[in-house]
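Have a look at the structure below before the remarks.
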Amino acid sequence: MGSAELGRWLRTFADEVTDHADELTRLDSEIGDADHGSNMRRGMTAVVGKLDAAPDAAPAALLKSAGMTLVSTVGGASGPLYGTFFLRMGTSAGDRAEFDGAAFAAALRAGLEGVLTRGKAQLGDKTMVDALTPAVDALDAALADGASLKDALRAAATAAREGADATVPLVARKGRASYLGERSAGHRDPGATSTTLLLEAAAESLG
Amino acid sequence: MGSAELGRWLRTFADEVTDHADELTRLDSEIGDADHGSNMRRGMTAVVGKLDAAPDAAPAALLKSAGMTLVSTVGGASGPLYGTFFLRMGTSAGDRAEFDGAAFAAALRAGLEGVLTRGKAQLGDKTMVDALTPAVDALDAALADGASLKDALRAAATAAREGADATVPLVARKGRASYLGERSAGHRDPGATSTTLLLEAAAESLG
Amino acid sequence: MKKLINDPADVVSEALRGIELAHPSLRVDHEHKIIYRADAPVQGKVGIVSGGGSGHEPLQGGYVGMGGLDAACAGEVFTSPVPDQMQAATKAVDSGAGVLHFVLNYTGDIMNFEMAAELAAEDGVTVETVIMNDDVAVEDSLYTAGRRGVAGGILLNKIAGAAAEEGRDLSAVAEVSRKVIGNVRSMGMALTSCTVPAAGRPTFDLPDDQMEVGIGVHGEPGRRRLPVAPAKEVAAMLVEPVLADLDFTAGDGVLAFVNGLGATPLIELYLMYGEVAAILEKAGVRVARTLVGNYFTSLDMAGASVSLLKLDDELLRLWDAPINTVAFRWGV
Amino acid sequence: MKKLINDPADVVSEALRGIELAHPSLRVDHEHKIIYRADAPVQGKVGIVSGGGSGHEPLQGGYVGMGGLDAACAGEVFTSPVPDQMQAATKAVDSGAGVLHFVLNYTGDIMNFEMAAELAAEDGVTVETVIMNDDVAVEDSLYTAGRRGVAGGILLNKIAGAAAEEGRDLSAVAEVSRKVIGNVRSMGMALTSCTVPAAGRPTFDLPDDQMEVGIGVHGEPGRRRLPVAPAKEVAAMLVEPVLADLDFTAGDGVLAFVNGLGATPLIELYLMYGEVAAILEKAGVRVARTLVGNYFTSLDMAGASVSLLKLDDELLRLWDAPINTVAFRWGV
């Protein structure tokens, strides 16, 4: 895959975020401050604007510009986190014009590492990490089993959704939800939910 | 009648005002500022306290102290108006220890005059004057027809209630309700309603 | 009703206790519910006494102090104070130069201050009374109670307070006060009702898609009930009747005052001011001074009012003069 | 949702327009949503940059000016500003003496300021960062995001601003800032939720007989939901955990701060202060300074918070030093 596919991925993610903005905000109002949906919509709308402006950027440039745009337009916790995620993907893309499955998986893993360094969250803290980590692991495993990129991405999306579902019973230890202590249990984490949309968008538009 | 009966009248009025405080406040919330009930209750409770303190004051002293107490504890429009009403009644009582019907009617009329001078309202302005004026007129008329004081006071109370009822369609020209302009029509005037209680208390406890 | 109170009957007296504890520069007479500047009476200075129902934050007491009022009489919530209070305050702040009474034009306030002035006269104090009636929502007429006094009263406190501080005599302070009253106009609207503690429930019910325009400051319903509109349109509904009532283009510009009614966040008031400023610019009205905030509220009502004060050199200088009160403080 | 706004997406930028028009002493960078004191950068003075989500009135901008902040970055409502904003502000207020970043302890604010500091370093500006975390409602722990920064940040603005105005160097201003952070504790409660304009409905539903105790300032639900109680009891619920967390009896007394969350009338805040003062007196805590009002709100939330700052000679002197901002003004 190349810039065209990556662009399609980001556009699909932007559509998904817009369609689910109210749901994401509602989830955030239960254990946060009711803005995750509007934050992500604002950011991804800006990303799409950048894509339109520079249609034939190379993969690295495209991903970095998406990351910078999210950092510059979202704010909150999700801005730096999603921003760092795409910035690190861009760095890992190097100067290649085309990705094979392994390269794409490596880029996703680099993004995950970025999120972990920036946010210092661990698996089980009830954050987007709980969706992203199993997704990246599932992608690697499926590819290792020789699955097609399409199937591997489907597996990753499923793992992300399962990871997001698994945040419901958790007590948050990072982010705004952590202030609720025990009261944060019983609610789905908004960021893990938007991360699921990201992986589903990948499964839909890549490979 | 003497101080004992006048005291009974004021105590009955105090009870009536307390029982109807919420209704008076509700009426005032429709075309005023939602305090007529609490204003009158506060004032009449203080008046009863004064009665307990000075049980055997002469009629003039008793009425004047009621007036002063209302002036000093009620505030708003109703404080000076009801206060002036009783102050003037006291003045008209002079040094008599006993009232006959005519003397009581004269005192009520003096009170009405006081309200008119203080408030400068005219009949039909949608104020307590619309209940007090017909009541005093009815009392005079009934006594002139040779009715007993009891019956005459009943006639006055009926006239007061009819006068208060008649305020419903009126557009207020005085008091807070006047700010509503046309919107003040269709609501019963709170002060006219409390004045009806005053006259009903008289019919119940005097003569 | 949800409020941070104890017994609704004690709201005013308990708030006065807090004010006294919070502000050493103020003295409180709890028996009469009067807030004094600690150094009253100020020798040779005309005393200024205001008063009104409580529930209008920052309470009358917010304008008591150097360059402001000498005393503020606090009535029950939304109920004018009683004559005894104004009589006591008048006597206490009189240094011999006489006392000016500031009254907002409501029947109750007028009558209670009237009786107080009669009593003060018996005490041998010279009293002059000025009546604020700046609310253009109410049609004026000989046969009605006339226009209400609303947020314009705040501007009067500041400007007349400065004039008194300058050492002007009673009639001179009364004169500049009347100039302010002649030059100020206001109009307000509400998105929600307020809830009087003693009443326990909202004074009026307002559907989620409706607002009251031409509102009073005591939860009296407004002149008209209209569908909720964007701030841009609401600003026009408030500014246009004000501009229609007095020519503000002449003179040395205006003081533009966007006042919050209590529950409306400052972020909305500043947004409203942006709209108001745009309308004034179009209308050729020059803004020389601005005031934005909750300076004359109606308990927990959501909404705003706009006041314009036509300025001249004298009013501008008196507005800028030092003041040291809870609500206004500058130059010291 | 009933608000005096136009398009919910424009609330912050339109409010900034109103602020700029209303306050000539402030300069607004609309592209970056930054409020500057007009004379920034002040030669030789350490620059102070704060920032946070909007919706906390009097907005960050209320504390910008002489003796306060040099710049405030306004994020979207309840969303921390982005690094570009802090980078631009940091560059603009640096006169060579370096810049101090004030951050409230929220994951988003921390990460965005962190990135901004990285960018500022590349611009060659020396940046120090201090993090306010005064909310005792949140248990602190290595494994969590730690305590929230709430109303204590207002006291930090004032005191560190005075220290910078005195000409102290970056590390000295950072040091006194850390002293303030070490000496201040806060606790809040809410009677109602707030409504984020972009969300359009209350962040949480709270029955008429319930309140949230240990509330955040962004409409995050509190630690516990309890039946509504009289002010006397509510005051105890807020003051006791604060007193339990730090010894306030020692030292030169405290600054007692009763803060309103937006929709609670001042009359209730003063009533609350009366209750707070009574509890402190019983606890043997001497109140040296008092602050009562809406100084760090959560949009239209009804409720209050109590903050105590332990004072010493230095903090007392810096608190009393002149300041000229929209929210605080004295000595000038």
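Structure notes:
Note that the chains take the letters A, B, C and D in the order they are written out, and that residue 1 is the start of every chain.
Convention: a contact is a pair of C-beta atoms (placed from the backbone, for glycine too) under 8 Å apart; a residue touches a chain by one contact, two chains touch by 3 or more.
If you want to know which protein each chain is, UniProt gives these names: C, D = Dihydroxyacetone kinase subunit DhaK.
Bear in mind the structure is a predicted one, so any value in this text is a computation, not a measurement.
Separating the centre of chain A from that of chain D, both taken as means of CA atoms, is a distance of 32 Å.
Distance between chain B and chain D, defined via averaged C-alpha coordinates, is recorded as 54 Å.
The distance from the centre of chain A to the centre of chain B, each centre being the mean of the chain's C-alpha atoms, comes to 75 Å.
Chain contacts here run in a simple line, from one end chain through to the other with no loop closing.
Every pair of chains meeting the contact definition is listed here: A-D, B-C, C-D.
Of all the residues in chain C, the ones that touch chain B in their complex are 53, 75-84, 106-108, 111-112, 114-115, 137-139, 143-145, 148, 196, 198-199, 203-204, 216, 218-221, 223. Of all residues in chain D, those touching chain C in their complex are 2-7, 11-12, 14-19, 21-23, 54-55, 57-59, 62, 191-192, 208, 211, 228, 230-232, 234, 262-275, 277, 287, 290, 292, 294, 297, 299-300, 302-304, 329-332.
Only residues 25, 29-35, 38-39, 42, 71-81, 118-119, 173-176, 178-181, 183 of chain B touch chain C when the two sit together in their complex.
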